[in-house]
Amino acid sequence: MSKVIYTSGKEPHARESRVVFKNVDREGWDPSIARYMSEGGYDQLKKAMKMEPQAITDEVKKGGLRGRGGAGFPAGVKWGFIPPNNEKPVYLICNADESEPGTFKDRYIIHQDPHQLIEGMAISSFAVGAKLAYIYIREEFPEGAAILEKAISEAHEKGFLGKDVLGSGFDLEIYVHRGAGAYICGEETGLIESLEGKRPYPRIKPPYFPAAMGLYLCPTIVNNVETLCHVKHILEVGGEEWAKTGTPNNTGTRILCVSGDVVKPGYFEVQVGHVTMGELINDMCGGLKDGRKLKAVIPGGSSAKVLRAGEKFTVGRGDDAKEIDMLDIPMDFDTLAACGSMAGSGGVIVIDDSRSISWVLNNINAFYAHESCGQCTPCREGSLWMKKITDRVVAGKASPADIDTLDSVARNIDGRTICAFGEACAWPTESFIDKFREELVGDTDASNSEKILNPESLAAAANLS
Amino acid sequence: MSEEKSDLIDVQIDGEWHKFPKGTRMIEACKEAGVEVPHYCYHPKLTSPGNCRMCLVEMGMPPRPRPGDDPAEPDEDGHLPIGWMPRPVIACANTIAPNMGIRTTGPLTEECRRGVMEFLLANHPLDCPICDQAGECSLQEFSVEHGKGESRFREQKVKKPKNVDIGPRIRLDDERCIMCSRCIRFTDEIADDPVLGFTDRGSHTTLAVHPGHELANNYSLNTVDICPVGALTSNDFRFQMRVWFMKEVNTIDPNCGTGCNIVVHSRQDEIYRITPRENNDVNSAWIPDSHRLNYHWINSELRLTDPLIKDGKSHRQTSWEDAIELSASKLSGLKGSEIAIVASARMTNEELFMVRRLATHLDAGYVDIVPRMEKSDGYLISADRNPNTTGAKLILGLEDPGSKLGKIKDAIIKDEVKALLVLQENLIDDADFAAEDFSSLEFLLTSYPMANPTAEAADVVLPGACWAEKSGTMLNVTGRLQRLNQAIDGPGQTMQSWEIIRDLIQNTGGGNGIYSTQDLFNLLTSEIPDFVGVTWDQIGDLGMQLVDTGETIPLLEKERQRIAKGLIVG
Amino acid sequence: MAIVVKRPKLKWWEHLYLPAIVGGMRVTLGHLIKTLSGKKKVTMQYPEEKWDENLPEHYRGAPALVTDEQDRERCVACQLCEFICPPRAITIKPEEIPSDDKWAKVEKRPKAFDIDMIRCIYCGLCEEVCPEQAIFLRKDYAITGTSREEMVHDKERLYEIGGKRVGLVNKWNGLK
Amino acid sequence: MSIAIPADLEKEIDKRITHYPVSKRSAVLPVLHALQHHFGFIDEDAVEWTAAKLELEPIKVLEVVTFYPGFRQSAPGKYHIRVCRTLSCAMAGSYELMESICEKADIDRSGVTHHDPIAVSKDGKFSIEFAECLASCGTGPVCLVQDDFHEAVKDVDGLLAQYK
């Protein structure tokens, strides 16, 4: 195999371990099937076609691959939820609706290495017994959709897709399905409803667990782009070998996307847990801009709970328990969860001391108010309410009591909605108030509590004698 | 029996253990245990989207022992301890599981309800003084029970369309809508007329019909009934009367053989609206609009209010005594074979029983009813548009209702029949008769609630009570015996048919002894074979299957399929 | 249970009653002097004379309907007053405001609003219950008529008595 | 139906529909995308046409069209610009970018509301709206012009000059 050379200026950082992103920004690389096959492309599919489907699932389970979409649920276990006596068709859906603010990894895989995804999907489809698979790609990736469609037709021509894949008797069709700009389509049941041509209202669970009752009420596996790509690599080295990368229960590599107030924002594929927050920000991203101090970090996409600079956490149990600084948190699933946040989709947003916390929170709240699907009450009414309160905080028209109301509104959403969007929109507010209450209250004025604030009442009050 | 028992599982609700069949929804289990779980989107006849979040309750299961630990010890009644889950669950879509615990009280549930109520009211216009739903609004009810009583919402509310004309019978106020989607599910799943939908999203979500389309199916007004708030209101009832003024009487609909169970809402002897009443053996929870709205004639100007006697070409008002006496004298001079009686399948069994007595007493040559056969609509409207054909057949012994009408007409023309009694029917409009057909009659008597061409030709016109003004029983197309209850008093001097017939029998030398519909019912149930032994209480509010005609109600068949698939509770 | 009221124990001079009689006579004499000297007038010449100006703010006279500062009828015919009225003196017939009306967005108003003043007991519950602040008890107390019909105040008469009332809560402003 | 669908467009649509062998309804998004791509926006006729094509009630199509911000119900400019508004881009200056584009392309955004998020330039050449996260947070501020993606946009004149 030839040495991998990257485009000048876009070389990976020394601490990266590129697996899924191996071909991203690579000199002399193109998304064609010829280029992909020139370095062993589709070999794993050929291998898979000679295996028992269950054996593939077992390898994925051995690898301990956790979903890269946000929840971090083990992929192999998810596959195992398909009812054993199932007689209905099974569907596989690749969730390429990457819409968590702060996350921007799928674009590069799809644009530069589409066949990696298609091979991963083909292997996974075979493993779960899906003859029909869809790539649900967000509408904002028009070019990506075209690239994928071209790649699919190339794979078709080579016999990797279509009837009787590689003479194995297994049929598989993959189609690209474009979304139309809705964050909620990243939620797997919302995505399924969208794919059924309905409003993407997430379904209630129970009874609609996708692995049992998904697309067209048939068993359906929905996996993230990065997760499906990993399937190919697990098969390449074997589950046990693959599990040696990363840290126990947080295996493999994952792509971290850093944005916000750092000198060099970007994407970094690292072994899970091998890099700490501090190393990521200060070393890999070149630290903060001149004269700026770190204020906060949102570690896993905008819905993850914010971490405050200087915050201390106790991690580990019993004798292993130790106190660590926020910057010492290893970027893995379990530690971030133990610190009260989450690894989520790997989108790290860095906020320095030049930013107003009220402004940041308001921006996030505006996003969630815009993206709430409106199906269930707490999120529909609460997300816009929170946005309106932070609008007033930013405009200097809020009172300290409004911060308490804001907090209680968030807590009235959290845990009471149909889907995880409830938490996604409540956690930012909850955590920002927990950790930056003083600053938020500092942007308010007690005198505002007496004022009438909505224009309607204001006009009515003008008539008061 | 033993099999049935094993299907029952133990569930603890608010500290008390109960047994329910497997597959019962938590909300239904609570209901059976006498605990009301507030809800908006859930409706047992529709699928459950779980979107209102009002029915959140605390749920727990016996904890699974950790590896190595001993399983928990059951208490003295054999119940395992319950490990309560930190998150609330919806009671509407989740089914019970063995040894499950449900708490509908306690801080978590109460906090959830308060929170959801606050969210629902945040953008609600709070225009209860104008809203027709006031007084029967779930928002009002639950906000009193579970709300905060004050608003923390200081922002401007979301503005949405108001007073939207979405169909010929329905008005929509989007600001009041709480997006429970009951109406959408009704039109999709039951009326098979999917014209409603949500547009926009988030807090701006708006219920709408597609531009240029309308919600016009014959079941559309049911959406008004199931709307938990005042978003959908009926044009017919709009601003007519506040609900708390109205008297509600449970009765049945007389517009077809289905006999939909209904509630008549009236005030001071004026009907303001009719709503369906749930009966899973008759009409589920629905009623066609055409039936529901067919009541305005009851208080119209065309109502007959006094007995009339023909005086030359026109009629003059008279007393009941004179009218009955005149009729009796006319009938007394005739042979039985010269008398024909046309009764109505819109009469109650008790009235038909009196018709039977009258016919026997007069030895009438002909007795028949006017049939009204049309097409079934495939839902609730049966092909038979008479409410009590089954009863008429049983009581009058009619094999083929309406088959004698032609013979009666011929007999009149041939002068074989000299007196015709038309009871609660209008032969000129509803049967194949013309005014000239009556010209050779010596005596024509009609009783009917409304002025009509047959009455115009009659020598004696008697004002009859209409269905809402009388009590009795009827048999629907499937053979179900149901109670018709008096909702209002008739106007003027109107009398119920049984009273009219009783007086006729009495004045033509027949017996007496019937003073109430109860007496009549007792006579009926002792004399007519199929009715023997039936008691008034036995019929109850929901009726009882008396005979089996083999007929089915299409909508119920569809509902049974949905229940079998587990889509709805039913 | 019966309540036992203790008889007050009178002192000896109280037993004489003379001091009380003298005290009473002093008041009487005082009034006599004031009247004779023209300082005080005892009889008011009603109806030529009235003490309307002296009526307190909270006086409960005839109930009446009011319009707001934009001459809109405040009453939306919610019929709560009809419901609450103890003697059932109020009868309301609601109607929809026609779509070409300036206030069509309010949707509802009374078509007929009758208060039977023979029945009215001036209790003020209608005023208290009104969610729109449309009905008030005014200071009119001399409600007379020569027939029962005349004693029923219809909508027109009620607005005549009520007049305009500005301020207070006004839900239906230009922004709604 | 007043909408005229060219034969090749309908052929393309028919092909897309075959991607959903289980349920035609699933093709709602692809059909609408194809129509919007061709006509620039989706009007009532396009909704009715889609509904007829997929054997649905029109409201079920309208439900979908109005849900997604990716579908427009009124005509945009010749070139439609979507500027990312979300956190990382906002931190990188997307609000300033929006202002700058509006100023240079002569677009007045004062009338923009939730229901009418798009503003069109006076000459009709450009239209603009804020979009939520375009998933390129590391290279903000970003925007989409038609289907072209532009990262780290600093030179607004240069950006607009690419579209004649």
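Couple of notes before you dig in:
Letters A, B, C and D mark the chains as written, and numbering starts fresh at 1 in each.
Definition applied: a contact is a pair of C-beta atoms (placed from the backbone, for glycine too) under 8 Å apart; a residue touches a chain by one contact, two chains touch by 3 or more.
Since we're looking at a predicted model, the values are computed, not measured.
The greatest centre-to-centre distance from subunit C, using averaged C-alpha positions, is reached by A. Two chain pairs, A-D and B-D, are weighed by contacting C-beta pairs, with A-D ahead. Chain centres defined as mean CA positions place B nearest to the mean of all protein CA atoms.
Rounded to whole angstrom, the centroid-to-centroid distance between subunit C and subunit D, based on C-alpha atoms, equals 65 Å. With centres set at the average Cα position, the gap from subunit A to subunit C is 69 Å.
Subunit D has its Cα centroid 24 Å from the Cα centroid of subunit A.
Look at where the CA atoms of subunit B average out and do the same for subunit D: the two points lie 50 Å apart.
In subunit C, 171 are the positions where the chain touches two or more neighbouring chains simultaneously. Counting partners per residue, subunit A has 182, 199, 370-371, 373, 455-456 as the residues that reach two or more other chains. Within subunit B, the positions touching two or more other chains are listed as 198, 200-201, 204.
Residue ranges on subunit D touching subunit A, taken from their complex, read 19-30, 32-33, 54, 56, 60, 63-64, 67-71, 82, 85-88, 90-92, 131-140, 144, 147, 149. Residues 182, 199, 201, 204, 206-207, 369-378, 380-385, 388-389, 392, 402, 405, 412, 415-418, 453-456 of subunit A are the ones that touch subunit B when the two sit in their complex. Within the complex, the subunit C residues that touch subunit B are 76-80, 82-83, 94-96, 105-108, 131-132, 171. By the touch criterion stated above, subunit D contacts subunit B in their complex at residues 44, 47, 57-60, 62-63, 66-67, 114-115. Here subunit A touches subunit D in the complex through residues 89, 98-104, 106-107, 132, 138-143, 175, 177-183, 194-200, 215-216, 257-261, 265-267, 302, 347, 349, 351, 355, 360, 363-364, 366-367, 370-371, 373, going by the rule given at the top.
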